[in-house]
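Structures incoming, each one as structure tokens.
Two complexes, one shared chain (chain A), two partners (chain B, chain C).
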Partner chain A sequence: MRKRTLKRGLTGFWWLTLVFLYLPLAVVVMFSFNAANSAASMTGFSLRWYHQLFANDQIMSAFGNTLVLALASSLIALAIGCLIGYGMYRHRHRKLGWLIVLIYLPIVLPDIVFGISEMAFFVKLHELTGWFKPGLGTMIIAHVTFQIPFVALIVYSRFVGLDPTLFEAAKDLYATPIKRVVHFMLPTIKPALISAFFLSFTLSVDDFVISFFTSGPESATLPIYIWGAIKKGVSPEINAIATLMIAAVALAAVASLAINRRKA
Partner chain B sequence: MNDTAVLGRSRAMVTETRHLLFTVSPGAAWIILFLVLPSAYLMGVAFMTNGPYGLPEMPLSLESFRQLAGFGFLGWSPGNLYTLLRSLWQTVVATGLVVVVAYPIAYYITTCRARWRPIMLLLVVVPSWTNQVIRTFGWMNLLAPGTPLSAAAETLGLIAPNMGLYPSNFAVTLGLVYNFLPFMVLPLYAAFEKLDTAQVEAAQDLYATPIKAFWHAVFPQTLPGLLAGVVLVAIPAFGMYVIPELLGGGKALMLGNLVANQFSGGSNWPLGAAGAILMLLATFAGLYAMRRIGKRLGGGEEVVI
Partner chain C sequence: MTEIPSAQRATQHAGDSSATPADSGEAEHVAQPHGSSQHELSEHGPSEHDRPADGGSERSASSIHMQGLHKRFGNSTVALDGVDLTIQAGEFFTLLGPSGCGKTTLLRILAGLEEADDGRLTIGQRDVTDVPPHQRSVNTVFQSYALFPHLSVRENLAFGLKMRGVDRQQREERVARIAQFIQLGDLIDRRIDQLSGGQRQRIALARALVCEPDVLLLDEPLSALDAGLRSQLQVELLRVQKRLGMTFVFVTHDQDEAMVMSDRIAVLNGGTIQQVGPPRDVYERPVNAFVARFMGHDNLYPISRREGDRVTTELGELVLEPGTAGSDELLLIRPETLDVLPGTQQGANHLHGRVVERLYRGSHAEFRLAVGAATIQATINNRGHRLPEVDDEVTLVVAAEDLVTVAA
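So, the complex of A and B:
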């Protein structure tokens, strides 16, 4: 009897928490279709903010920057992180404490410390060398830095999960190291590479603080543009971009669920 | 001993070391060059003097730390101390509230049918995949003056008329809880899933009250998950920048804002760097404390994230 009351109470609490989690997103989506220029009351349905969105050059260039940044940084981080992940696996019996500390550093460092360190450092480097002007280049460097650990850890855990005798078999099958990499290693860790790429991509699109401090005047990404618009006083277009970004996330969620289902 | 064998073994070791260097050095060099060196430079900046344009200059001094403690041109003022205490207070309250919400949620998910659990976890996590700025913007819309939530709070007499729930310290706490809830639910869920129910049944057989059964049979088993969650929530919460900036409206600044404002306004880099050092010390102290507690509980390995 008491057990059933507990279960019912928990069910109620679960739905309440879901409302709490989705209410702020729902409000953004709802106001993106608002006919009036207001964030307080809905007056009617309209798509005008979406039309304005596509006519706004700043937003379109911010969208382009977001994509270029996420793609370029994820690809670089994939190559570098994949190498470290394999190195960590192959040499896991050695004392590699320093490497573990180094790899966890970008994860545990507070975003704001991460961002301002790089900003101060790039400003100094620009002063000294003339390179490293704040812009997409410095942002890509910063993003790769926080993506490497995630790629390395995902690839490492995939290798750890493999049967060690597979490596011996591959040695017997393929004579040269290059053939081993192409015909054995890359195909076996393909799932890890795919999920590492998607995680890196998501981390990049999701990041605001580090991008904000390493960006230049020309390299605003969507989150930076949205931040600026909020600070200047809200324009309803923000709701429309935000809704599109939420839709992308929802799509990714459904896709991940479908992939998990197929695996099971 | 056979000379060629020794030679062969040492040659193998050389190849292995070369392999280690080849795989590990690009990434290690990247992190050292673009994170370790910048952090070291930032720490150096904290010990420099603030120049006329807010940029660091020689000579070295401890002036920035004096300023961080509140000493300025006009004598001592408590502003920075308040900011620091507010950061600590917000972190403690938000982490506590997150635990209170996440505990029943994580438990509830484990009581549901196995095929529903991944979907339920996904539902909890998905909002945190959207950009932090967007999520916080959603709360600004919800809590602004004139919205149903603010009106309800007004009728209940919780806030003054036309004030709105945002900007305020309350809005910042709410934003923090919202932001970090998934980070607590996931490790707690992992702990609940492994829970040994025999212990709970034993406690019930011995006529333990539900509270006693929870305290002695359930709580210790979920502690590693709880500690992992506290690390994942409290450390980033202490350095939070976006949420206090947007939901606090300049009146509820935290350490992250104090630090950032010294750089974005270009006002005082050494002061900002001194604040960053404080944040780093707090981060490493927190990590170290959690490791110690985790080790004493014997679950040391699980607490490592």
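So, the complex of A and C:
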């Protein structure tokens, strides 16, 4: 009897959790199709906010920046993180745990601390060298720094999961060092690379604080634009952007799930 | 099983165990000291086309010479302590010993996966001491099989050929041929994770054989399999080796397996070779107590006195075959050389004892007997005679020529 009550309680809790997670999203999606310029009542279905959205140069430029930033930083982080992950695997007997802690530390710091220090650092560098003008470039560098540990760890754990004699088998079967990379290592860790890329991409699109402090006047991303826009109140346009982002993330999640399932 | 046409030729070559001129030529062809596989493609690719499609490559087995191989790990662990060994071309050679004896290290040095600290290694006519593994015409069947999980069976089989730059059509032909030879049937289109242990083992063997290496190395390839499958694959492996006439170097800790399969066995302990010889020599004439015990012999007795052919042990006095050389330290009596007679009978090399334990095994029975203060094991074939019971007083008889003296 008590067991059943407990079970019912837990089920109820589960549904409550889902409600708090998804209902706000649902509201945003709903109001993005609102005919009236109101966040209070639905007056009818309309795509006007989407039309406005795509006509808004500022939003389109922010969208472009977000995409360029996420793509560039993810690819760079993938390349560097992959090397670090492999290096950690190769030298796993040398107790390099501190190395991971070292690259992980900035991530567990509050974003705002990391963001402010990055900003100060880039400003100083700009004064000294004339390079590193706050903008997309500095943002990419900042994003890469926080993406790298995730990529490195994903790649590392994939390597650790492999039979170590596979590396020897590749050597034994006449693969030169380069061929080992192309025909053995990269194909073997491909699933890890794909999920690391998706994760990096999401982290980048997600990030507001660090982007905010390292951006320049020309390089606002969608989160920065939204932040600026909602100071004037939540417009239905923002709802439309949010809806598109929700759709994109859902699509990416489904895609990565499908890829993983095909691999398994 | 279908014959690989080139196999017949190889077997003939293997007959004369010395390295033939063709041998050295082949060694140069397969892996040049400095050439990457890509170079081999451009230089040797066309000549592969000229060969008859069924012929594979003209090849003969390679001999292996090891000279003063030393290897230590860290500062303290000595894995190999001066190994000198010659393995004949076309031989099924087994490295036998307990774990940590250095047999796997030696195999890995042959493969190039480990570098010797000191010493020389020659395969065929070529000094490969400093040649990396991907430039050696040597392939390994790994204990864990090490099949690439991201590739199908077919792609696994073709991997080595692809890395060597063999063109697609040739690859497909050779993979098809080896698949037929090892009788893989429809396994070839499976994924690796759909295979059982025994199937993986055969794929791993096929993947190594398809490259037609000068030497095939096998690192305890059967140890993960259950007994029935194991003996079945022992026979299959032996057949493959005899047909191809390839030099096989096999590592195992199982003395029965070593005896069944090998032309010759090297018993290793503590990084040194204890004895090298055909299975019969190693089993029947072990040179020291370690080899004797490792081959499963327990009836070892310290010799307290030796006068000519007469030796005294705690069992009593026994007469050796005249002129028995060897050490005077231990006497070995193999259990199966003993005859057990009822009652107390007198004669040379007759020992009197009492049955302490009897293990009935169907085809034979194993006895533990007390002879004075000593115990001795005897194995008697079950020919339908009455088998002695526990507590029976019996007479043990051993022929002088079956007594062996062994170093401690």
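Worth pointing out:
Criterion: the second predicted complex is superposed on the first by the 250 of 264 C-alpha atoms of A that agree within 3 Å, B and C clash if a C-alpha of one lies under 4 Å from a C-alpha of the other, contacts with A are read in each partner's own complex, and residues count from 1 in each chain.
Keep this in mind: a contact is a pair of C-beta atoms (placed from the backbone, for glycine too) under 8 Å apart; a residue touches a chain by one contact, two chains touch by 3 or more.
From a predicted model like this one, the values you see are computed outputs, not experimental measurements.
In the superposed model, A:F54 makes contact with neither chain B nor chain C.
Once the two complexes are laid over each other on the shared chain, residue contacts for A:L109 go to chain B alone; chain C is not touched.
In the superposition on chain A, contact of A:T188 is made with chain C only, not with chain B. Using the contact criterion defined above for the overlaid structures, shared-chain residue A:S117 touches chain B, although it does not reach chain C.
Within the superposed three-chain model, A:Y86 lies in touch with chain B and out of touch with chain C [touch as defined at top]. Contacts of A:A152 after superposition on the shared chain: chain B is touched, whereas chain C is not.
For chain A, the partner with contacts to more residues, out of chain B and chain C, is B. When the two structures are aligned on the shared chain, A:D163 is found in touch with chain C, with no touch to chain B.
By the document's definition of touching, of the two partners only chain C reaches A:D172; chain B does not.
Contacts of A:L23 after superposition: chain B is touched, whereas chain C is not reached.
Of all residues in chain B, only 16, 19-20, 22-24, 26-28, 30-32, 34-39, 41-42, 45, 101, 104-105, 107-108, 111, 118-120, 122-124, 126-127, 129-135, 137-142, 144, 146-147, 178, 181, 235-236, 238-239, 241-242, 246, 256, 259-260, 263-264, 269, 272-273, 276, 279-280, 283, 287, 305 touch chain A in the complex they form. Residue ranges on chain C touching chain A, taken from their complex, read 31, 36-38, 111-113, 132-135, 138-140, 142-144, 146-151, 159-160, 162-164, 207-208, 211. For chain A in complex with chain B, the touching residues are 7, 10-11, 13-14, 17-18, 20-25, 27-28, 31, 39-40, 80-81, 83-84, 86-88, 90-91, 94, 99, 102-103, 105-122, 124, 141-142, 144-145, 148, 152, 202, 205-206, 208-209, 213, 222-223, 226-227, 230, 234, 238, 242, 245-246, 249-250, 252-253, 256-257, 260. By the touch rule above, chain A contacts chain C in their complex via residues 162-163, 165-166, 168-176, 179, 183-184, 187-188, 190.
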